[in-house]
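In what comes next, chain A is part of two complexes: it sits with chain B in the first one and with chain C in the second one.
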Partner chain A sequence: MAYIRKRNRKIFLIFMMPAVLVLFGTTIYPMLYAGYLSFRSYDLAKLFVPRVYVGWANYREILSSSEFLHTLIVTFKLMAMTLSVQLVLGVGIALLVTQRLPGMGVARTLLLIPMMISPVIVGLVWLFLYFPELGYLNYFLSFLGLGPYAWITSTDWALWAIAIADIWQWTPFVMMGTAAALTNLSPEPFEAAKLDGNSPFDVFWRVTLPQIRPVLISLMFLRAIDAFKIYDIIFVLTKGGPGDTTEVLSMFIYRQSFTFWRMGVGAAASFVSLVIIVVLITLFFKSLNRDPHQA
Partner chain B sequence: MSSIELKKVVKRYGAVDVVHGIDLEIAEGEFVVLLGPSGCGKTTTLRMIAGLEDVSDGELSIGNQVVNAVAPKDRGVAMVFQNYALYPHMTVRQNMEFALRPLRLARSETDRRINETAVLLGLDELLARRPSQLSGGQRQRVAMARALVRTPDVFLFDEPLSNLDAKLRTQVRLEIGKLHKRLGTTIVYVTHDQVEAMTLADKIVIMQDGHIEQTGSPQEVYTRPRNRFVATFIGSPAMNIVPATISDGKLVGDHVSVEIPERFKKRVQAGQKVEFGIRPTEISLLDGAEQATATARVEVTEYLGDEALLDLRIGSQELIAEVPANQCPAEDAEVRLRFNPEALHIFDAETGMSLENQAR
Partner chain C sequence: MNRPNRRQAVLVYLLLAVVLIVFLTPIYIIASSSVKPTPIMFQKPPAMVFTPTFEHYTQLFATRPFAKFMLNSLIAALGSTVFSLTFGSLAAYAISRIRHKRMNDVAFWILSMRMFPPIAVVVPYYIIFKASGLLDTPLALIIIYSTANIPLTVWLMKGFFDEVPRALEEAAAIDGYGLLQIFWYVTLPLAAPGLAVSAVFCFIFSWNEFIFALMLTGSNAQTVTVAVMSFWSSDAVQWGRIMAGSFIILIPGVIFVLTCQRWLVRGLTMGSVK
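Right after this comes the complex of A and B.
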């Protein structure tokens, strides 16, 4: 900032003000306010009861409630389901589209489309597909003599229904990152392996995978952070149901805050979720630094 | 060990031919160098032998078996790539191990071969290192070790020394030569460096624009170049080429006139347009009263220690001469020259072909 002369400093501040205000008003203030609320009892349903300071009571309530624990388990379960499939599918498709075959460039672009759609729309698209009586999925499965399945209303399938929609939307992301990493690998070691007669299986596990491992780790962490915050698709498809089968952490926060109007508890849950994300990110950067091939 | 034979081998990319039907025979145990300027199709030819590129047309045999449709791994070839192509995440030992994996050897045999090869190439101290922890010369040796450990029938080298500095290049060049003497494996070696070609090759194959210009021993291609391209490509500084016309038993050019050597007399006709070639070392300075071939002005002298290079001007023609340093004249001096008639080459001006009796 040394280039800003003294007489320009006022003008600089005036021009910076709007951006700073917007950032403060939309990000920092709500966060501070949520922090403030998380230590209060603030019930929108009881408007005239004062917001009294309750110390760690909200946090204690959350961390000891089996309901919160359940949503945390559902969140991580869903994360494990989506991430594992996205990793396998994403890497598989990336291996395919990076082959020098006709049409692969087009395929690579078309496959990105799901990623560009807003999650709410993705939810709606899959809602039409899953719809018990009118949905396309059961219609097509009926030709195979299967179904009808109660995709989003059965406790067996609801979480998978959500996972499938998320997998559909985010596999392209993993594919794209992996494809970029694959394209960056120098071709000669693969030619050497071809001459030596190493099997494709060996080449994948021992030559390809170790070299793209750092990229895969990054992609998985980005997906993990996103999966931890998953909300829109669930809100459209199941609203956390049936029962609490698909009730993830963000649904819990939403429900506490805007169904039960317990803003203090909701705010405290948000902060717990923030802490978990921060821990995830820290682990992520630690693992990046520990990578042996980055030397 | 295997022989290799190329019959009218063509490589085509789309509609463009980059290798135009080359014929080449490589005997068992021979060290053959493909030499030519960048882009002449050396790498493409080597990769066809390896099986990394398909042969568009013609027939390629290794060990008397046509291999056009044989997978690279079944050809018994190993290759050392220009940029080494080491597996970056594996140690030196693992690099060699991975090359041996398809052979499914017993553990003890794998270890024996790795250790033996490592000792041969002086890598025994480095087996636990990764490529990123090695110098250029060491990586180069690992690349050779990885090719060697499989005991292939044919070794392919693609400009293996081009990433090394000058001193290391000489050293590794000698090592490769020794290695060939010791193992006797057939080697096809690609380079654009004529010194590498001359020092290593049993047989040099000189290529240009996807054609073979000449095949022969280093001595043959140096002393009996088949055409002007080979004559000027081999030898440093390059052979001088002087346009001339045949007249009165002489080669007459711009301010030069040379007696036609006896061996050419029956091969030329009066009035024929030719070019004659003379290597810089075959031009000498006269101080006595002998008949001079030409008189030249010294434009620049370059002192090299034992020798000096003279940039000479004769009329519109520039020549380079290499003379003993103690005979080096002053710049701008007028000197009288003699061209050694025994070392004279004559080429047809149009086709560039040598008029010398050719062995092949």
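Right after this comes the complex of A and C.
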């Protein structure tokens, strides 16, 4: 192999070039362009007119506006809501489907379906369920003595309406990752813990959880990265409303850029979001470089 | 873990039944509503037995050029898949074979490219495509989807290439094969399952995508996801057509889950779970 490697180092680099160049052109370049735009006053009506340099004005505007800060708070609130429920439910369901009983494989497979559905379709089917007056969700909940709730039209429930749709789609992801981690665990510590007379709950809390913790942390970072980008479901369900109750960062960028055509301001907000996502991505990769003996 | 006893087993099955009902009901609703006559669409209790009607599907294709939108989606998805597999697997092969301490950083950099928020780059894309006349063409979507699909392909294929025994490549090299020949005749066929998995992932991602298709296409290159959404924006919501369109859109993903679910872990968790 050393023989192949030495002779072909340059050819390997040539193999890599097309992908790297395409990614540079399609990702890094637009990002730099967004950075450039964020220092300009931009008006789409004057597409080819030289843009005026406005310094940090766009950044000053968004960072001092309560509207922008509000969208950041909503974004992180939604993230906290979806991640916490997905973690608890996902681990819980993973513990069920990893039991050594017949039929568990089928159940696991069926539960993966929501993940592969287009987010727009997820939004639309939940819109159908939430629909004022007609939707089935309030009807189902009435059997449990709950509701009726004005899911997408009330400021109390709109954010939960979005969270529930996201939880429905992505709890299977946490379940799938956790179930895979649970199956990889070696059985010895469990037997030792059982012999010591620990209850199943103690075994889970003291033996299982510490072992799968690194995997859970990585899964949560992946979910956080996705939750930060959430857009499609909100676009379908509430479009940021009622009022600005569900206006997340992505909605803010969209409206500044394509409703008000203030692309400079939209680009500045985009750049703030890029900084936040870079932090999340870095934390995710850090979480992967864990001690291999622990995982 | 040892086998649960009878009582525990009953409890597990009961809880699991509740979970399955909750997670599968929305899918059942899409499927059943797509063939439900409009008058009983919201009937309570929900009509479980009814004569299925295909009027929503007929309407879907009659009132909009839905077949054309399907073709658009297909072109964008297949185009991006071919493009991503070609470039992605070449890069993955190099990353898998070059021994250098910075190689991990390169792999992570490529992977991170798929994690950026689409909305943050949609403004530059809009301007670039408008200036170059690519707005509202399938090519624009192929380019954009590849930015997410190339990293995914690199990531998946690197794992498959790592598993190909080096001895086979060395034997081929001794027989006088060049690197490209080794790659094409020895390594790639052995990593064929990886190509299939990557292809399906790329296809489904592109087929399901919505934001870019919404903002960068008009009547010419519109895709199915945007078309289905447009039945909502009219003054009367056409639920039957929305559900019929939704059902058509979700078919590829469901087939994928049912046939190759074991690859989902690898494709979606980005190495969090080995």
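Keep in mind that, in the parts below, the second predicted complex is superposed on the first by the 242 of 295 C-alpha atoms of A that agree within 3 Å, B and C clash if a C-alpha of one lies under 4 Å from a C-alpha of the other, contacts with A are read in each partner's own complex, and residues count from 1 in each chain.
Throughout what follows, contacts are C-beta pairs under 8 Å (C-beta built on N, C-alpha and C of every residue); 3 or more make two chains touch, one makes a residue touch a chain.
Bear in mind the structure is a predicted one, so any value in this text is a computation, not a measurement.
Applying the touch criterion given at the start, work out whether A:S199 contacts chain B, chain C, both or neither, answering first, second, both or neither.
Touch status of A:S199: first partner only.
By the touch definition at the top of the document, which applies to A:I117: first (chain B), second (chain C), both, or neither?
Touch partner of A:I117: chain C, not chain B.
According to the stated criteria, A:Y149 is in contact with first (chain B), second (chain C), both, or neither; which is it?
After superposing on A, A:Y149 lies clear of both chain B and chain C.
Taking the superposition on A as described, I'd like to know which of chain B and chain C A:Y254 touches: first, second, both or neither.
After superposing on A, A:Y254 lies in contact with chain C but is clear of chain B.
Which partner reaches more residues of chain A, chain B or chain C?
Looking at chain B versus chain C, the one contacting more residues of chain A is C.
If you stack the two complexes on chain A, which partner ends up touching A:I277: first (chain B), second (chain C), both, or neither?
After superposing on A, A:I277 lies in contact with chain C but is clear of chain B.
Given the touch rule stated above, what does A:W157 touch, chain B (first), chain C (second), both, or neither?
So A:W157 meets neither chain B nor chain C here.
Would you sort A:V207 into first (chain B), second (chain C), both or neither based on which partner it touches?
first
Residue by residue on chain A, keep only those touching chain B in one complex and chain C in the other, then list them.
295
Please give the residue numbers of chain A that touch chain B in the complex, ascending.
Touching chain B from chain A are residues 186, 188-189, 191-199, 202, 206-207, 210-211, 292-293, 295.
Can you tell me which positions in chain A touch chain C when the two form their complex?
For this pair, the touching residues of chain A are 1, 3-5, 7-9, 11-13, 15-16, 18-20, 22-23, 26-27, 29-31, 33-34, 37, 47-48, 93, 96-101, 103, 107-122, 124-129, 131, 134-136, 139, 168, 171-173, 176-177, 180-181, 184, 187, 190, 215, 218-219, 222, 225, 228-229, 231-232, 235-236, 250, 253-254, 257-258, 263, 266-267, 270-271, 273-274, 277, 281, 284-285, 287-288, 295.
Taking the touch rule as given, give the residues of chain C at its contact with chain A in the complex, in rising order.
Chain C reaches chain A through residues 1-4, 8-9, 12-13, 15-16, 19-20, 22-24, 26-27, 29-30, 33, 42, 44-46, 86-88, 90-91, 93-95, 97-99, 106, 108, 110, 112-113, 115-128, 130-131, 143-144, 146-147, 150-151, 154, 166, 169-170, 173, 179-180, 182-183, 204, 207-211, 214-215, 225, 228-229, 232, 239, 242-243, 246, 249-250, 253-254, 256-258, 261, 264-265, 268-274.
Taking the complex as given, what residues does chain B use to touch chain A?
Its residues touching chain A are 50-52, 71-74, 77-79, 81, 83-90, 98-99, 101-102, 132, 146, 150.
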